[in-house]
């Protein structure tokens, strides 16, 4: 269960009183009061077996408290795997990484399909028994490509679309159609080096670290709410190619962590920022 | 307010219900349920002005809940600064660091005195208007030195004794007399390199990082509960002297963070481990 | 070309004079003088096309200088890929990681075969067109298993054997038979937590970081020369299972970096320590 | 000795041959060939006692080689301490840090004076026996303030001016008058958050790390060549004040490292980037 509402006295008491009354066993509980936005954020992980009813019923019974405190709230059942669509272009290191985590059981989600503007990863994806859709984004007909892609979104109705190094800029209408549902890995330590070829920009600037950022996609390029970041030390001796190689390892780790937070409902929105109950 | 107790349903509800009843405004609230020890840990930071009574009264009123749940609990008033004694030998980088944080207002505590087995830091400490006690620990009469040191402890009754690179091993009786009241900075990434000359040990072993560890002092050398750690990359080109230099910066930062956690009552004990609500 | 020898005046002059005389274009050049062992270490990466002869001829012509300075030296041709055998048990994250790096061209080596005491990874390895050998190590007949494994080593004559989370302890005779040819990834920040179940040890001790170490295998368990290490922050809220998950990402990255250094002849031995020209 | 020149065959041979001929004992030697700018960079640390002449004579004798290879080169004698002027505003953590390193002998330089647009640090600086100059920078007469400051520069003729959190933007003429002689610590991970209040910017953007950058001052604000950087993890729970506190520790460490590199002549310029032989 995750929720946010205007901050005031008694929120925790109301929520925890409600849960205690129904004998809900709290496995993990986190909250955050933002002094600036004056909002309160909370995440409660409750052992399903400790309740005598299901997630849907929990949601219903909680509604009177939610309306009393003007809460945005959501209840999700971890037994129901989230539906995921992965978008990829040519570089497949993030895709490979996520597929290993999936098939080894480290991460749990329902991978519906992989969509790509290239054919390169088909054989590997299909070996996993996962459908692979090739949707070309052609210079003369980019919009057509995205329309076709959107049809796949409407067909699969994924909970999350993961941009695992998908190197095309989505049209604004598409970004706005799926708010907080599309997660991107950008290959720089944002807000440094927005846009194309960030490793080249980092090389030109002579920075001493390269990094990666996992964020929600919005219609403003690389300005979506940041979920997770990391960086790794470099020096003058590294060529652009080496920065790219070093960066791949950061990208994989950062996307995996960011996606895990999202899948486990650990990310709440606070304006254009995130609250991540890691 | 910090507390720990056996885990069960209803703890958060009871505590937050109690606070809500008294209109306590929760600034920060954290908790942790340890699945192994089956204990529950909680820290509540409450705005003093939101309550109609003081810390002592809060403690009293809370006692019935505390006994119901078999809680270890403590309430402290942040307006009452903790009394601190700093122990130092010759190397003064941690002492200098803490004194700057104190005089710039970054950290707040009541520094009663500095105690040292050397005279080196006297002038600098006294410039701050802080008493400086020189207590020699002589090879032939170590016990006598520690007895004298203990008299200072008994005179000042500090809440915390900080070993800011104090290079003498305390006798067991002294360690046991002040449990969870003495904080040490050890110049290695424990449990690696226990004991003397850890940077030399690190150099001999050829490790690729050196680190530091802030921990509570117990009678078992360098085995006390760890509060905070950090490490920094090194390589084959670093001499022992360079490892020592690099290490000093880690020691300063790790001790300052660990001490802050302790002063702000963010550290709870879970057997021989700590729960740090950072 | 890599070399080490007793330190004295004139080594760099002799080596670089020799290379300049043959118009050798130095792409990368590193050296290190160890003040303690009084040895000098050097690595020169020379553009093959800039020389009028091959690696074998270079070796011959260099011999008079090498003997003058009592050098240990080796010349290797990067066009000749190193032969690699990977050993794995059940956990396949490092194997998967190396296979992706290999098939994407990020790392270049000649993967001869994967050897395992389990069948689990067969399908995935064979999909890559790489032979998979299952060699059971049975409790009653461990020695027999290792003898069989050694036959594979003798058949393939690998330049390097990579222990990509191979969970069996090799007999001493085998460790000694292939010195500096076997690379292990140990799942702790050595010398902390030697031996079995290091994440459990780390959890019990309450450390604030978990790490991994890539090292050469010697007959003394987890005491071989360290090639590369890294660590990641944890806290009291992480269970052992989460430490293991976090650790996997460090293990993958550390093994990949360590193996790359070895494959690119960037690792020289200085007693029980390494000099890594990263 | 440090030098840079167009890359070609024979540079190392010429330099090391020259040094060997004069029995120069090389303590540390590093070089870098930049494939893009096609320049070669080198730093040689030579034991003074191993030469039969001084730095000035070395310079003279080396000139024919330098002109043959069109080298920019400089020889400096580590026995001659560099003259340093420190500029500071109100926040004194970097100043305090450098003063401790100086008085403990960790760093060696000739601190001529501290210049500030405030009086705050006078007592502490003068306690060290170092002159303190208060030069107000007033809104109506900023230029006048800087003219007065420049007079101090002309009087002291420092080798380096260190901006240890000096919060005024220098006029362009002053930046250009002292190229590669002024070192600044900027309180963000550049190029993120240029200009004023970077921690506020970082807070607004919701980044997951804050950092600091040590760079040479040029007339383009915060765009000078980067010498050193670092970053530290933060999260949603950190207020701006906490980011500032965390940042101070990074600033101190990054400035100290960057300044050390400069003082030890480890920094060479490669266009707008640095080569740092750390």
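Going in written order, the chains are labelled A, B, C and D, and every chain counts its residues from 1.
Throughout what follows, a residue touches a chain if its C-beta (ideal position, glycine included) is under 8 Å from a C-beta of that chain, and two chains touch if they have at least 3 such contacts.
Remember, it's a predicted structure, so these values are computed and weren't measured experimentally.
When the C-beta contacts at B-C and at A-B are tallied, the pair with the greater total is B-C.
Ranking all chains by how far their C-alpha centres lie from the centre of chain B, first place goes to C.
Here the spacing of chain A and chain B, counted between their Cα centres, is 37 Å. Here the spacing of chain B and chain C, counted between their Cα centres, is 40 Å. Within chain A, contacts with two or more other chains are made by residues 28, 237. Touching chain C in their complex are the following residues of chain D: 9-10, 12-14, 16-17, 19-21, 23-31, 33, 50, 233.
Only residues 28, 92-93, 96-97, 100, 104, 106, 127, 237, 245, 248-249, 253, 256 of chain A touch chain C when the two sit together in their complex. Within the complex formed with chain D, the chain A residues making contact are 32, 34-35, 189-193, 204-209, 211, 225-226, 228-231, 235-237, 239, 270, 272-276, 278.
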